[in-house]
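Next come two complexes built around chain A: one with chain B, the other with chain C.
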Partner chain A sequence: MIVADLPEKELARRLAGAGLRLRTGPLVTEIRSRLTKVAEGIALHYSDYPIEASEDFADFHVRLAPPGSVRRWLRPQVTFQFDGAPPFLPLPADQAFPIMEWGLNWCVSSHCHQYLVIHAAVVERSGCALLLPAPPGSGKSTLCAGLVSRGWRLLSDELALIDPLTANITPLPRPISLKNASIDVIRAFSPDAVLGPTVRDTLKGSVAHVKAPADSVLRAAEPARPRWIVLPRYQAGVPARLERLRKGRAFMQLADSAFNYNLHGRNGFEALARVIDASDCYEFAYGDLEEAVGLFDRLATAA
Partner chain B sequence: MVLNARSGSTHLLEPLAAEVLRALAEADAGMSIPDIVACLRDDAAAEEALEWLSAVESVLTEFQRLGLAEPEQP
Partner chain C sequence: MIVARPNPVSIALRDPRALPRWTFAEWEALIRQARRANLISRLAVLLDERGLLQDVPAAPRAHLRAALVVSQAQAEAVRREVAYVRKALTRIGADIVLLKGAAYLFAALPPARGRVFTDIDILVPASALAEVEAALMLHGWATTHHDPYDQRYYRRWMHELPPLLHVTRETVLDVHHAILPTTARLKPDSAKLLQASQPVAGEPGLRVLAPCDMVLHSATHLFFNEELASGLRDLADLDSLLRHFGGQAEFWQQLTARARELDLARPLYYALRYTRHILATPVPDPALKAAEIGRPPNVLNRLMDALFLRALQPDHPAAADRLTPLARRSLYVRGHWLRMPPLLLAYHLTVKAFRSEKGDAS
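Take a look at the complex of A and B:
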């Protein structure tokens, strides 16, 4: 069963009651919430995702609820709770869906140590994965959304899950988070992309999420082998330029971008070394999304 | 790239440092600085010898700071 199989009222009933056990890639999250914005966000962005039975194992148990105070009525807020405790401060209630997404990212990056978890977008074509590790503001998610809208498979917009034994990347396709000017860039670039409502005045500015393509969700059990590591950097007006990056530098960049590299010790070092050995490494500057996507399409065709 | 398994630290070594560490690891025993230089450049010209000795000594000092190698006690 997938989320789209549930009538709107049944989805809301499950979320308000025993919880919805949502499968995203290898993980199952039990989500509970009475908030309309959470139900609407899940109905829109997670319609293609499998639902697990309530007695099945869940990796995470999360809840989105108003804090227990007068703030319930005065400038309402929402808290993200993990195992009954809020790891973050409350945020305005209209940010309920973004805080759920940020919270789910936190669940993975803080707990999924069976993987080497790297802060990077990952897309794939013909079995070859392109890793895009980069800090916020680099244009990583915009590039990721652009590539996905042109047929690349989405493995993740935020979290690359590297299997320490195989060095393959386990998909965790979830909505792509766009910020500020990127929202209109993707609306113009890909009119067919499904975007949720723009939520303004978050800590990251205006935020909107792009729904992951159904095919990426359907193929979420298919790992991909790393083939390219690209450090993107958006710069207004510059032509797309791909420059070789020394593998040692690429290694350090990935290690710096990892959430749990030190926890893995020698296995993490060797897994990362295998990822680097298998990949061509580049720095990439771009100012035009169409040109950037065309360049990566050619790179994939030539591989 | 090298992982210091004792500290858990990962280091990106410059080419000379990588060669010095490789020489030490392959020897699996203490080496003098001239031994290391000889291992790296058996054809080093006399006028370059001092530069090599100095460069390798700098590398070893850095290795000591990072915990990658330590001087043998006399």
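Take a look at the complex of A and C:
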């Protein structure tokens, strides 16, 4: 069964009651919330995702609820709770869906140490994965959303899950988080993309999520091999240009972007070395998304 | 006869062989509670040692593997950090006695396997304290708790320096000169502990407490502490130590004799009582009988059962009943009560109450 099979009322009832057991890639999260914004966000962005039965295993138990204080009537807030304890401070209530997304990322980055977890977007074509590790503001998510809207498969917009033994990347397709100007860039670039409502004044400015393509969700059990590592940098007006990056530097960049490189010791070093060995490494500056996506399409065809 | 309310974590620790047959619902409850109790990696090791890890269904096994990665990394970090501490203290005449997790690790004792490590604790003679602190500061450790009251609290009344934080590695080191506060009612003699301590094979300059003293320190730390959030983890340490040393001839006799000698009969009594009831630790009857000298009066004994059997559950809502919060609060107050004479405690709590908005000292 998938989320779209549940009538709107039933979805809300599950979220408010025993919880919705949502499968994303290898993980099952039990989500509870009475908040309309959460139910609406899930109905929109997660309609293609499998729901697991209550007797199956859930990895994480999360809840989105107002904090229990008088503020709930003055200026409503929302707290993300991980198995009963909130890892972050409450945020304004209209940010319920973004905080759920950040919270789900946190669940993975702070628990799933069976993987080497790297802060990077990952997309795939013909079995070859393109990793985009980059700090916020580099245009990583914009590029990721652009590629995905032109047929690349989404593995993840935020978290590359690398198997330390095989160096394969396990998909964790979830909504792509766009910020500020990128929101309109993607609306214009891909009128078919499904975007949720823009939430203003978050810690990261204005935020809107792009729904993951149904095909990427369907193929979430198919891992991919690393093939390209590209450090993107958006710069207004510059022509799209790939420049070879020395493998040593690419290694350091990847290690720097990892959440848990320090935990994996020698295995982590070797896994990362395998990822680098298997990949062509580039720095990439771009000013126009159309041009950028075209360039990667040619790269994939040549591979 | 007391009955400990079963929770999935203690059931799993008692009988890891049965785990591959657990249902998904049972595994889910286990992972949730073991996560709070810092015991997932311990369970992973118990399964791995029996060759059963592969028989666990893939979804819960992923959590076991992830926890193993963390605990292995922590063990590496502790080894590294102890090497730094030793290097910083080479010029000091005194040997360093490792306590708790670091000691289990360096002495290659079973509780180290799959343990979640936090700070590093060392014991040095009180007479060497100033020299040790100066040498550590020279090598990058800085004191925490800059408030003059906190500094005085630690330096006059406690059994340790204020925790030292390494400025670049951000690791925390606790330097002890005793195992209970100077102001506590029980007065175990640190000189005796240091004297009986044993060298770590292949690690010159490092020592660990003698087996009996190690158990007694672990018991004292658990049952005379005011904070039991990791209570079940600490109880599992004790269980593992007792199972390991319990095979040696004379151990049990020495243990009770040593407890008397060090004024630690009470914590030993609790240790044997609760490891046995919660984790089915095999304690021979004569040892139980001998430990009775530490038994509190009946009323108190029953009260302690009510408190400890709750506080030694994983700190998770599913393992709590309506009295659990009260039990934890009561043990918090008791922990302070045992550390200081009443007037001093009243003074300390008053000071803390007036500055509770600032960071907590103790």
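In this section, the second predicted complex is superposed on the first by the 303 of 303 C-alpha atoms of A that agree within 3 Å, B and C clash if a C-alpha of one lies under 4 Å from a C-alpha of the other, contacts with A are read in each partner's own complex, and residues count from 1 in each chain.
The working rule: a residue touches a chain if its C-beta (ideal position, glycine included) is under 8 Å from a C-beta of that chain, and two chains touch if they have at least 3 such contacts.
A quick note: this is a predicted structure, and the numbers were derived from the prediction, not measured.
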Request  = Please indicate which partner A:H113 is in contact with in the superposed arrangement: first for chain B, second for chain C, both, or neither.
outcome  = second
Message = One more residue to check, A:G265. First (chain B), second (chain C), both or neither?
response = both
Ask   = First (chain B), second (chain C), both or neither: which does A:G294 touch?
value = neither
Touched partner set for A:G205, first chain B, second chain C, both or neither = neither
Inquiry  = According to the stated criteria, A:G84 is in contact with first (chain B), second (chain C), both, or neither; which is it?
reply    = second
Key: Which superposed partner A:P239 touches (first chain B, second chain C, both, neither)   = neither
Request  = Specify the partner with more touching residues on chain A, choosing between chain B and chain C.
outcome  = C
Query = Common interface residues of chain A with chain B and chain C?
reply = 262, 265
Remark   = Counting only contacts in the complex, chain A reaches chain C at residues 26, 28, 55-59, 61, 83-84, 111-114, 260, 262-265
Key: Residue ranges of chain B touching chain A (in the complex, touch as defined)   = 1, 3, 5, 8, 10, 12-13
Ask   = Once bound in the complex, which stretches of chain A touch chain B?
value = 248-249, 251-252, 255, 261-262, 265-266, 269, 273
Of all residues in chain C, those that touch chain A in their complex = 23-25, 27-28, 31-32, 35-36, 57, 59-60, 62-63, 65-67, 69-70, 72-73, 76, 316-317
